[in-house]
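Same chain, two partners: chain A is paired with chain B first, then with chain C.
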Partner chain A sequence: MTAEPIRITVTVNGESFREEVPATRSLLDFLRDDLGLTGTKEGCSEGECGACAVILDGRLVDACLIFAAEADGRSVETVEGLADGEELHPLQRTFAAAGAAQCGYCTPGMLMACKSLLDRNPSPTREEVTHGIAGNLCRCTGYGTIIQAVMEAAKES
Partner chain B sequence: MRRFHYLAPRRLDEALSLLTPDAVPLAGGTDLFLRMERRQTQPDAVVDLKRIPDMDRIEPSDGGLRIGALAPMESLAASSLIVNGYRALAESARVVGSIQTRNRATIGGNLANASPAADTATPLLALGATAEAGRVDGSRELPLEQLFLGPGRTALESGELLTAVRIPAMPGRTGSSFQRCVRTAMDIAVVNCAAFVKLDEDGAVEDARIALGAVGPTPLRALSAESCLQGRRFDADAAAEAAECAAHDARPIDDVRASADYRKDMVRVLTRRAVENAFQRARGEA
Partner chain C sequence: MKVVGQELPRVEILEKVTGQSVFGADVSPAGRVLHGKMVRSPHPHARITAVRTEGAERLPGVRAVVTAADLPPVHYGNFVRDEEYFARTKVRYVGDRIAAVAAVDEETAEEAARLIEVDYQVLPAVTSGPEAMAPEAPVIHEDHADYWAQPSVENRRGNVCGHKQIMRGDPERGFAEADRIFEHRFHVPMVHQTYIEPHTVLAQFDASGKATVWVPTQAQFPLRAAIAQILRMPMTKVRVIPTEIGGGFGGKISPTIEPAAVALARKARQPVRIVMTRGEDFQGSNPRHPFHLRYKTGVRLDGTITAREIELVLGTGYSAGSGVMISQGAAVRAPGPYRIPNLRIDSYCVYTNTPTCGAYRGPAGPQLTFASESQIDIIARELGIDPVEMRLRNAFEDGDETPAGARLEDVHARETLRKAADVMNERPRPAGENIGRGLAVAHWLVGGMASSAGVKLNEDGTIGILTGVVDLSGASTSLAQIAAEVLGVSLDDVHVRTADTDFAPHSTISAGSQALKSMGSAVLLAAREVKRQIQQVAADKLEADLGDLELDDNKVFVKGSPERAVSLREVGHLALEHERGPIVSTQSVSRLVPHPAVAAHAAEVAVDPETGHVRILRYVAVQDVGTAVNPLSVRGQIEGGVMQGLGQALSEACTFTDGKMDNPNLLDYKIFSALDAPAVETHLIQHPCASGPLGAKGVGEPPIIPPPAVIANAVADAVGVRIHDLPITPEKIVRALKARRQP
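For the complex of A and B:
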């Protein structure tokens, strides 16, 4: 069968992109391969690990389980959009200060999950942080420093 | 993944006309995407329902509630209509997967996938929900019990789409509760259970419904546990007897998550908790 490419317009970190994609393309591959935004990582590709977490129209999602076509006309925030020029996002600063990244592979998704959490709940309890990052696996830190970093960032704002 | 046509209709009637036997509806995609990636489902066309306005609406209807099939778990968990009136359903939606999953996974997808462990199925069975099935030439409503035929199999016919779920009004002196047993927070339920009770003026059970998940080929009603509660007031014996009956009603299998025996034990524990909690809520105590 023939399946025509689909023309989509997606706003990523405030910038509008018009691209042609095959229907099978995931939002994750669209971000990484078509737009070259490789901050968002591919982990399990099954929606279990959260390495590919991005914010789609204000909601945290796993980009590996979404067709790029589904994002047509929508707005995506990725880790590349967190810092304001040279000015790091508060979470990026507290992650660095707390040593919340070791190998760093989970960090982009983790940052987006934490940003999404603080957007919804600016002063979460420790338990709420744990709950908010339950879909993001980190095999290095044991989560302690990540939770600490989120609590610090919440205190700052 | 095999190539396919991506279709994004903006009207329900258009979507229904596109749902040919070689097409699949796409809601949140958290299950469908993986099935397509693994080539377990290889449709010619994918009909994305998310561009259809209002299909995710949660609204009062006929004294009860109508929940559009596209309502995501996170919206169910956050809806004051559901949190205040149908607590078991809010409790189940809150524990499905991660926030990422809950932002995408829909109530329609959770039901239409017909997993025996579907977390929203048990509370909806306990709350007496019906499913609304749309097709090109009209729609029909069926009790949720009749929707599930087996693992992954529903009573929806070719060309039919689950468009909404309806839950009847919850009058005074009613309470519901959802309980679940999992290995880890992100895992599928080993067992889940929901209870609903309606009490009369003297605090005796006028109506009870208990539903169990992951202990049979479909989510199921624990009918003998329900009749065991009929007319009774709450005490420890009533809850224990209902729990014992529920364990008999369950038909679990051994699998990778748990043995059948363990599941039966968990049915006892969860039923007792759910019944006790539903009673407390019906009396306005919890």
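For the complex of A and C:
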């Protein structure tokens, strides 16, 4: 039933991992189950909610739609790599202060979407932020505090 | 107040922004975890003639298969015991539970689920409430009359599992006194909570026969009782450990997959995890009740309402669930926040072949308010009265009674309503055609449930709070703020822990906007008792009268002589040597007086008459919140509630064809994304409420209630067409505009 395992080397948050994975394993399951990085969340497994968003070689992707094998030789950033040791990323600070995380389940994917946006566009307009998080569903906040947090993080850096 | 009323970040926020919070699927116990999978009915209504599990049991890697044969013959349900966990003789909705399997990996579990063979004799199905009430409708529960039901569940017959009637005054005379009588029908389809974390559970069974269940639940104590009842286990042989919860909105109260996970873990002697797929979650959980509503209202020409006759038909799904309670509550709130002397309200809770609906945030609120507030607008326009004036003329006040006869205090409906209108009117209407404004007002009644909480002083002078309430929307932070306020410390000095069913003092569920009221009242009592104990120890040390001692800045000091002080740290140590011993108190509350919480919203919209697209230009949300314990949390709740309500107004609906849901995914079931979301202008009305802790009112439910009515009224104002059937889609607007052009 299960295909031959594939040997992959993936850099996750700056650390290199060599693992054997089934060909059908998603990047999401690889991160959560094989590496124990459970910060990245599963919301729909269909690429509709953005809870599993991570940055792959600088591009925002839904980890549920990517095979782990596709990440071979590439670099992945997840929520666990956002802070620099004790030093929180500006987005983490502004999310906390603005009340941009309520239940917190969409937060890891949302933070990665916002980081991806700020990496590409350090001083976005409100509209650009809105488009930047359009693929990430949040059912608690109504998005206003999230947009505010991104604008404040952009001001800080 | 120094801590209460401050906009403080949530106490658990660092875990949340670093990905360290442990949600349901993040729990990892000792031992290899099996993958569990439910086997569900593909038919909305069918007799089961055979279930064959041998094929699945023989599949390598399968560790357990459970069906109704593995469970005791238990009927359960809080209001009507009409539910069996696994279907035995009949399935009653697409998604009904037949069996569950556990296997070493997901693929094997899925294969095993496919190998379970079920023979069905398909029966005619009925998915709408009014159709199910028809005499010729297929009967969903033949043995209905034999089921145990609470005495409050009245008039059960056919597919009607409860009918609540309320009469006030003399409706006949009220209509006779009216100058005009208006009658309208409305329909609100089923909508789903759509929390981003799907239902998930992990269950483990130990050698002593005790089950441990890790689950993101809003209701750990009732869930423990339900699992024990369904599996016929002693209650304390079930330990429910609530994890962080990725949104609930009322959808994570009733048991769903938990009993199956426990049954599988018991049979397999290994931990079992079940995670619902998104499609399964849409079809196998507890969404919002579809309503058919008829409102007949008599008015004088000045806009005074003389009578209302209201008929509600609520499709509860395949079991009564909480539908009976919700239909009873709906009857009480149906007339809206108005003083109406003559009322006749009939509220029917009806079985249908759909998922059992549950307590989605503000149960029945959006449906009732859509109908009631749409009609108020229609009447005001017909009479040539300003819609806000008409509402102000009839709004209820302190001393008025609910239709059930409960006296209302701390109402503030007029002020809330006026504020929403004033904020909207601060800016002129933009120029241009097809732009309109609408407003609606609604109330929620915030009760209270039996709750207890423990507060203690640690030896280092910090405060610990032990609760059993799940932090759904900032409760832990607000409880900590209340204790900090009483004990004169900062929020950083208070540590809150939600313990599990084995160790937490019994606490309320996180639902109905009453968690903070119930738990906050218990924490307030416990904190005040801890304060008294601190004063007792400090009084001996300072050789002062207990009554002369004040607490502030982590110290106890003599009123008027701040230099005569002892730190809380020292008191914490002294208490251990003092005759009274460690400082701790657990306090309980029950039966708190209900209070109304009013929300008034207003919107300005632009409607494109060609495409029917509605663009929200402004959205104003005003809410009476009593004392806002944490305005950051309160505003966050309001804005999130507005967006959920706007989804129901404009895009959300669970639709069914032949009993099967058409759109069980996030592409076809459209919740608001950031692109759809308007900025919300939020305003808080704050008057301390006598029945809330430090004056706080419940805030979670009210904001989701007005939006559908607000948008319906704004669209009518913009383009002159009235939509009576949610959601207000572009298609319906275009069709209504066409119909108006070609009569």
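Throughout what follows, the second predicted complex is superposed on the first by the 155 of 157 C-alpha atoms of A that agree within 3 Å, B and C clash if a C-alpha of one lies under 4 Å from a C-alpha of the other, contacts with A are read in each partner's own complex, and residues count from 1 in each chain.
Following the convention adopted for this analysis, a contact is a pair of C-beta atoms (placed from the backbone, for glycine too) under 8 Å apart; a residue touches a chain by one contact, two chains touch by 3 or more.
What you see is a predicted model, and the numbers here were worked out from it, not measured in a lab.
Of the two partner chains placed by the overlay, only chain C lies in contact with A:T78; chain B stays clear of it. Contacts of A:E19 after superposition: neither chain B nor chain C is touched. With both structures placed on the common chain, the touch criterion links A:A134 to chain B and to chain C. In the superposed model, A:E48 lies in contact with both chain B and chain C. In the superposition on chain A, contact is made by A:A69 with chain B only, not with chain C.
Between chain B and chain C, C contacts the larger number of chain A residues. Contacts of A:E152 after superposition: neither chain B nor chain C is touched. When the two structures are aligned on the shared chain, A:R59 is found in touch with chain B, with no touch to chain C.
With the contact threshold set out at the top, residues 1-2, 45-46, 48, 134-136 of chain A are in contact with chain B in one structure and with chain C in the other.
Of all residues in chain B, those touching chain A in their complex are 1-6, 8, 26, 29-30, 33-34, 37, 44, 46, 48, 50, 74, 97-101, 103-104, 185-186.
Within the complex formed with chain C, the residues of chain A that make contact are 1-2, 32, 36-46, 48-49, 51, 78-80, 82-83, 88, 91-92, 95-97, 99, 101-108, 111, 130-131, 133-147. Every residue of chain A that touches chain B in the complex is listed here, in rising order: 1-4, 6, 22-24, 26, 45-48, 50, 53, 59-62, 65-67, 69-70, 72, 113, 116-117, 132, 134-136.
Residue ranges on chain C touching chain A, taken from their complex, read 7, 9-10, 12-23, 25-26, 28, 105, 107-108, 111, 193-198, 244-247, 249, 275, 277-278, 472-474, 632-633, 635-637, 639-644, 665-667, 671-675, 677, 679-680.
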